[in-house]
Amino acid sequence: MIRIQTAPFDPGAELNHLAAGQSEAGALASFVGLVRDEGGRLIALTLEHYPGMAERLLAEIEAEAHRRWSLDAVTILHRVGRMRPGEAIVLVGVLAAHRAEAFAACEFVIDRLKTGAPFWKYEDRSDGAGWVETTAEDAERAQRWE
Amino acid sequence: MIRIQTAPFDPGAELNHLAAGQSEAGALASFVGLVRDEGGRLIALTLEHYPGMAERLLAEIEAEAHRRWSLDAVTILHRVGRMRPGEAIVLVGVLAAHRAEAFAACEFVIDRLKTGAPFWKYEDRSDGAGWVETTAEDAERAQRWE
Amino acid sequence: MTILYFSWVRDRIGLGRETAAPPPQLATLGQLRLWLAGLGPGHAAALSPGLPVRGAVNQELAAPDHPIGPDDEIAFFPLFSGG
Amino acid sequence: MTILYFSWVRDRIGLGRETAAPPPQLATLGQLRLWLAGLGPGHAAALSPGLPVRGAVNQELAAPDHPIGPDDEIAFFPLFSGG
């Protein structure tokens, strides 16, 4: 399940929903990305995306995860628009029979998503504002899966 | 936070609680272990533990995770007693500034917990009942961290 | 031809979307980018060679030698930084 | 001396807890296990040498040569299978 939305979402409720009704799955691995307050300097984070292309690239990442591992279900939820410290930006949940696949697929999806889907972060900080650059660490983590 | 309890727990609510109010943490990685129905053959799973020793060994695993990685908070929740397919057995949630630490620590805790804390699973199945043996895969995964 | 801009590419150009009628001899995404960069100072600040800008044709990431046509949806944007 | 049993060790013995007064010359966890295994068929089926049983002294995992005393809490159980 892929969803991009402006409204805040409830990560726990989304994960419970993912876990419900899949009685063969023993393992749910998940990642939630939260807005950090950067030592109190971050006022707001704005996520921009390319509508259409973003949904399609997330669906491709999800499909690739299903090709690489045996998974029962995957949820990718990405919020866009302006958000405050502590709010959830992104959620990746992977349900599988066993935890090795669930963890690997969850890391794969978030690593790919960070550098492989058309989203851009803009920080509004008390010490300035600007677009966030892709980090070297994110680029390296994405390359692990090539 | 370590908790062992007989009552069912709500994984999503526990993760939301972990994420709340830690404004420096950008990454929440989690694992939820669910009772598999084993193709409809599992009637119930019963988890037994050694009270006192179980809490202490979970606390040691949590402390070791904090020594190995820079983490904001860790939640380990283990249910004991009789449970049905689909219910949550265990939850590990790790909150950290960045996802590499959060994922590594989450995998570490669940791998250690599976073979390093005094819990035992008993399966009541339509095709028989018995105590569950430690799997070779669990033993191997735990050894990765030695 | 519809052209979309995102993130600081859009900020520098001052537009998120424009319709352009480039000369018909422009056959590739890279040629289009160069032509757009010449439209004015905002376009130059966003799209000049050397700036870390990627392009898409019909919502697929595309290399500079990717062919383009008048009915394509083209987009230019920086490296992604989502999640 | 309090002795606790868990999982199939308890099932085979038929008790989760017992108080034992082993002969004072029993000085280690391994010696205690052997002595307990001789108490009857259930104890033998649970604790005989070769069975995959581990022990703890005062809630710490302990090797067979670990010393024991009359005030210790001893436990025997199979390999863990939680999570």
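Worth pointing out:
For reference, chains read A, B, C and D in written order, and residue numbers begin at 1 within each chain.
Basically, a contact is a pair of C-beta atoms (placed from the backbone, for glycine too) under 8 Å apart; a residue touches a chain by one contact, two chains touch by 3 or more.
As the structure is a prediction and not an experimental result, all values here were calculated from the model.
Leaving out only chain B, the chains still linked to one another by touching are grouped as follows: A, C | D. Set against the Cα centre of chain A, the chain with the most distant centre is D.
Averaging C-alpha coordinates per chain places the centre of chain B 49 Å away from that of chain C.
Centres computed as Cα averages put chain A at a distance of 23 Å from chain B. Our note on geometry: chain C versus chain D, Cα centroid distance of 74 Å, whole angstroms.
As a whole-number value, the distance joining the C-alpha centres of chain B and chain D reads 27 Å. Counting partner chains per residue, chain A has residues 33, 110 touching two or more of them. Chain contacts: chain D has no residue touching two or more partner chains.
Of all possible chain pairs, the ones that touch are A-B, A-C, B-D. Taken together, the chain C residues at the contact with chain A in this complex read 4, 6-8, 11, 56, 59-60, 75, 77-83. For chain B in complex with chain D, the residues that touch the partner chain are 33, 47-50, 52-53, 56, 78, 89-90, 110, 113-122, 131-134, 138. Remark: chain A residues 10-16, 19-37, 39, 85-86, 88, 97-100, 102-103, 106-107, 110, 137, 141 touch chain B in the complex.
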